[in-house]
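The data blocks that follow each hold one structure.
Both of the next two complexes hold chain A, though its partner changes from chain B to chain C.
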Partner chain A sequence: MRLTRRDRLLLFAPLAILLGGWLVVPALVGLTATLTTYTPLTTSVAFARWQNYSDVLHDPQFAEAVRNVAIFTLVAVPLELALGFGIAYLLRRPIRGRSWWRGLLLLPWLVSPIATGVMWHYLFSGATGVVNFVLGWLGRPELGSPIGDVRLALATTIAIEVWRVAPFVTFLLLPGLVAIPEERWEQATLAGTSWFQRIVKVALPEVAPLMLTVGMLLTGQSLGAFDTILILTGGGPGTATLTPALYSYDRAFVTNDWPAGAASAWLIAAGVAVVGAAYIRLSGRWSR
Partner chain B sequence: MSRQLARALVLALAAAVIAACSNGTSNTSSNNKFSGVTVRVLTFTGPQIAEPLQRRGPDFERLTGAKIEVITVPFSDLYQKLLTDFATKTNSYDATVFDPQWMGDYVPSGYLEDLGGRIQGDSALQWSDIAPFFRDFSASFKGHIYTIPLDGDFQMVYYRTDLLQKDGLQPPHTWDDYISIAQHFQGKDLNGDGKADYGSCLAMKRSAQSYWMYSSIASAFIQSQGTKQGAFFDTNNMEPLYNNPAAAKALGIYKTLSKLGPPDQLNNDVGDSRGLFVTGRCALSLDWGDIGPLAVDKTQSKVIDKVGAVILPGSKQVLDRSTMQLADCNPTLCPYATNGVNHSPFAAFGGWSGAINHAASTKVKDAAYAFLSYMSQPAQSRVDVTIGKTGFNPYRTSHFTNMGPWLASGMSQQAAQNYLGAIKDSLNSPNMVLDMRIPQTAFYQQTAQDTALAQFLAGELSVNQTMAQITAQWDKKTDEIGRQSQLGAYKASLSVTK
Partner chain C sequence: MVAVRAPRLIAVAAVTGAFLLPLAWTGLAAVGVLPDDSTRPPSWTGPPTLDHIAEIGVAEPTFWQELATSTVAAIVAACLTVAVAIPSAFALARSRFRGGRTVTQGFLVLASLPVMAYVIPLADLSRRVHLIDTFAGVTLAEAAVTAPLAVFVLHGAVAQLPTEWEEAALIDGAGVLRILGRVVLPLIAPSVAATLVVMFVLDWNMLLVPLVLTSGEVKTVPVALSDFFTFERELDWPTAAAALMVSLAPLAVLVGVFHRVLERFVLQAPAGRDIG
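Up next, the complex of A and B:
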């Protein structure tokens, strides 16, 4: 049965209405607000042109936030992909309790980012955390919490993000690796290839398109990093773990400066859009 | 004569009718008076503050028939949630238990109900029993009453009586004393578990309570001429008072204290610092009244009857506003000093208070008022202020004079007198520092001040850069809103009749 133009429009309408009402319209209202001086506390609203964007872009805090999220993304995403792939590679062969392991891998991802933040806050807490309890039990001196140390805070948030996301990457890549026919592995082994060459020549080509998609998703997610960091450090110490999303939240919901909050949010959206465009370009090349 | 008699009779009758109506407003014991009415109360995710409301809601329903629905959101969302609800006229909430500092934003917009008339006719509330400071500051805005206080908030210093006594030390009178006591105990085992403990535990985490802690220190150096002098802005021109040698001195103390506590102190909020103190890991702490009841909570405290409290430490040097330099205290410069030490107790936050949405229906407003009154009435509040998990601290005169509930909560007579004495010293001080309560207070404190302090503690900003950053951001916001209107609001917030 061939679908007519009318059928297509009818099928698409519910989604269009949902997206239009709950995504496009609010987004456009938000975009308009970024060009005004609107706040819920004032009755008069003036046209501000690009002033809100200029204020945000000239704010050293926002620059710090961009720097932090760039480091966060550049370190966390490759680590998540590498670790996720590595674990999937190890689990590709039938092993005892594989389905159990796969379920277990999903656990960190299933825990909400807020709960993850609370959990690691208490695990690391210098005086009451489990890590120091174990150290004390072993007769070792207490350590300060790394999230309270300006030199270690960002690295620690990256490590926690990798802990949360890498098993999920494994979960996504594992079916692709399991699906590689056994003969391919055997041929590679007979050809005398090393384990590294088997990864490069057999495994990676099979899962590369999926890895690209997952990588782009993770990049978008990292650029918007918010929940766990809010609970874990609140962006501190100092500005050590401040991200653009935290900055935007602070401006909109703490300071009540809605236009600046929305402007910074649109800047994040622009960053994610650039990544999305790169993905489309790369995947287009791949398919050719 | 008969006309006069008739007039007198009419007046007496009118008075009786008014009295009957008034009693009706406050009478929470008449069954089903508010049957079928639901009051939606918004406050912050507990257990503090929400707990007593949730616990006493069903009791109130049995008494009056009104159903109390307590809705909670994280503290960081509460201000915005209320504001959005009011501004968009959604009116999802009939009443709120909130930070009275926000009245500066909510009252001018007409979002809150004036409670003056209801309070006047409510004998059960015993309004005059509420300490004058809370009636005038937490409850009032520009001469009108908008809230019913449910909590009394001051920052105080807590110390371990056993440790100081053992080492022959006195509780801190000045911030220099505080530092030397903290240095004395830093790294020593204070609770017998064989591990090194801490001299002082403070909440220094970004986006938490750090800015109140700093203001508690800075106030001693900045305000010396009484409450109306103000500790945040010059009342002549709205110039910030956080960029001068007094503010610099306080920053220096704050930085020193960041190193005389747990190694991760920069990531500790009050939940962490309270936990550390009541488990015996700190010699000193700076906090609201909550540590008093928590320290006698048998389920978590290891310092029962080992905790003392004193008014915030002071300074022998204060800011001379004519030269904007630090100068030694003298009777002119520090008229309220004790033994040459200027104390400026800081009423940080102001105490959780209940308010009613002006847009709610009259019946719901009556029920909401009756509930808030019920929560504050001595029969309920005298018990609630002795329970650590309520987050409510004493605020009525009777809370200080009626020792029964305190002794019943597990405090010894001496501990109760010491704890309440420290609060009374603060309450009675003519040099009390009022927390900021002007339009967009949230920006001044939670964004500008808090961020600069976090950067300073992390070593990203120097003392001078920190002061300059706070001042520049405060000035910018003041000019944006209007210097004269902000000055008017600030001065109005300081006009407290004690």
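Up next, the complex of A and C:
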């Protein structure tokens, strides 16, 4: 049906007010403020051009944070997609109680990121943890928590994120895999293709656009990685697990360097915008 | 086929078991079944008890109130998100304009934008308009965070519908709001329900918005959990485990009840496929 201009205005108005007031306007006000010497406490404000951004970009801590979040995203997102796809592939054909399995598998994602941090803090610690319990069974000495080890901390936060998010990827990919017509599988089976070729030639082409969409969501969330790491390591040891989001939060609310906090937060948005532009281009090519 | 199916069922059970092991460990700790490392090989303490759930209220006197705040805030925010997203998703699906696809995908990009990107100025603005530390301020901000994802999913649901019924209602003289409410809404009801459930989960688990927009008045469970660690007030493990299980339980029940409807939370309608 054709909507008139008035209809469209009426239908879009509630969303425009909500997103305008609580997302777009704050973001743009924030951008404007970071180009000045504004802080919530000062009364006189002067134009500062890109000074705040220059300060943040020259801060070695922020460089560390960018490096960490790049590794975090480049490792975690492909792992989440691959593992999530693998589990969805197992569930694609009807098995006994499939929707129950799907619900059970969603449980790790239902644990809030903050509770995930609390939980793994204890699971890795000496007296209460699952790791040392198993080692004890094997008669091996106890290990220190990997989140306290500079070399292992980032890898551990990645593993925990994959544990939490891969089940959600399965949840999002399964409808796409289930929708593949049965004939495709039958044709491939009759042609004598191996299970690996069936994944590459039948499943992946069908769910590729969906995986791209899921990948966009995961990438954006990874670039803002915050909750779980805040609890687990607070960015440490040293700067081993510091992310730009933790950096922004620390500057804005802990060390009271509001301009640095708001500017570095805008750099996260810029990162998401770059990935988002690539996503829109790619998804356009696929839909044609 | 049975021969083929059994290994797959075993594989699914094994994977599910592996993913749920940390939660099972936590669940055992919550009822007081803890590992005892002092013996060789390690053993378990017992017997199961519900005492630790009562201890949550001792360690964090306002925990039960925080649970209630989380519930009400998540319900209000999820309903607000979906109520706002439905008309927009409908308008987006039924408008033909240049760049319409880009706008739709733009909502997904917006959905993937981390809250941290704009929450710092949002907190400052909220303070200036006296919405800080208010229930309305928190729920409106939460609703805005999740709205782009809801628009994207519901747009997919509307776009899949044939337009004949809408055209028929239009010829009968129905207005656009009437068509939306009486024709479109019943047809996308399962998708709306699935979106409500997912939005509830996202709102319930959200940390940054309530953390930054309140200073104690509208405290939710994630904020309470973060307090324990940022202020170095360590919980003992069984109590923490009990608190985790109690805050997970409502979501688990919700997903259990709606597990069939949740199949309608689809990010992308199977497009370009010849149906029939």
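We adopt the following convention: the second predicted complex is superposed on the first by the 273 of 288 C-alpha atoms of A that agree within 3 Å, B and C clash if a C-alpha of one lies under 4 Å from a C-alpha of the other, contacts with A are read in each partner's own complex, and residues count from 1 in each chain.
Everything that follows uses one rule, which is that a contact is a pair of C-beta atoms (placed from the backbone, for glycine too) under 8 Å apart; a residue touches a chain by one contact, two chains touch by 3 or more.
The structure displayed is predicted, hence computed values, not measured ones.
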- Task: Compare chain B and chain C by how many residues of chain A each one touches, and report the one with more.
- Result: C
- Return first, second, both or neither, reflecting whether A:Asn68 touches chain B, chain C, both chains, or no partner chain. neither
- Task: Determine, under the contact definition given at the top, whether A:Pro14 touches first (chain B), second (chain C), both, or neither.
- Result: second
- Query: Looking at the overlay, what does A:Thr156 touch: chain B (first), chain C (second), both, or neither?
  - Reply: neither
- Return first, second, both or neither, reflecting whether A:Gly136 touches chain B, chain C, both chains, or no partner chain. both
- Message: Touch test for A:Phe253: chain B only (first), chain C only (second), both, or neither?
- Response: both
- Message: Output check: A:Gly148 vs chain B and chain C. Expected answer is one of first, second, both, neither. What do you get?
- Response: first
- So, does A:Gly238 touch the first partner chain B, the second partner chain C, both, or neither? first
- Note on the structure: In chain A, both chain B and chain C touch residues 40, 121, 126-128, 136, 142, 230, 253
- Can you check the complex and tell me which residues of chain A touch chain C? 1-4, 7-8, 10-12, 14-15, 18-19, 21-23, 25-27, 29-30, 33, 40, 87, 90-91, 93, 95-96, 99-108, 110-115, 117-123, 126-128, 130, 132-133, 136-137, 139, 142, 163, 166-167, 171-172, 175-176, 179, 181, 209-210, 213-214, 216-221, 223-224, 226-227, 230-231, 244-245, 248-249, 252-253, 258, 261-262, 265-266, 268-269, 272-273, 276, 279-280, 283-284, 287
- Message: Help me check something: in the complex, which residues belonging to chain B touch chain A?
- Response: 76-77, 79-80, 83-84, 87-88, 105, 109, 195-196, 198, 205-208, 262-268, 272, 275-276, 279, 281, 439-440, 442-443, 446-447, 451, 454-461
- Write out the stretch or stretches of chain A touching chain B in their complex. 40-41, 61, 121, 124-128, 136, 141-145, 147-150, 153, 230, 233-240, 250-251, 253-257
- Can you check the complex and tell me which residues of chain C touch chain A? 5, 8-9, 11-12, 15-16, 19-23, 25-26, 29, 34-35, 37, 40-42, 80, 83-85, 87-88, 90-91, 94-95, 101-102, 105-106, 108-122, 124-125, 127, 140-141, 143-145, 147-149, 151, 163, 166-167, 170, 176-177, 179-180, 201, 204-205, 207-208, 212, 221-222, 225-226, 228-230, 237, 240-241, 244, 247-248, 251-252, 255-256, 259-260, 262-263, 265-268, 270-273
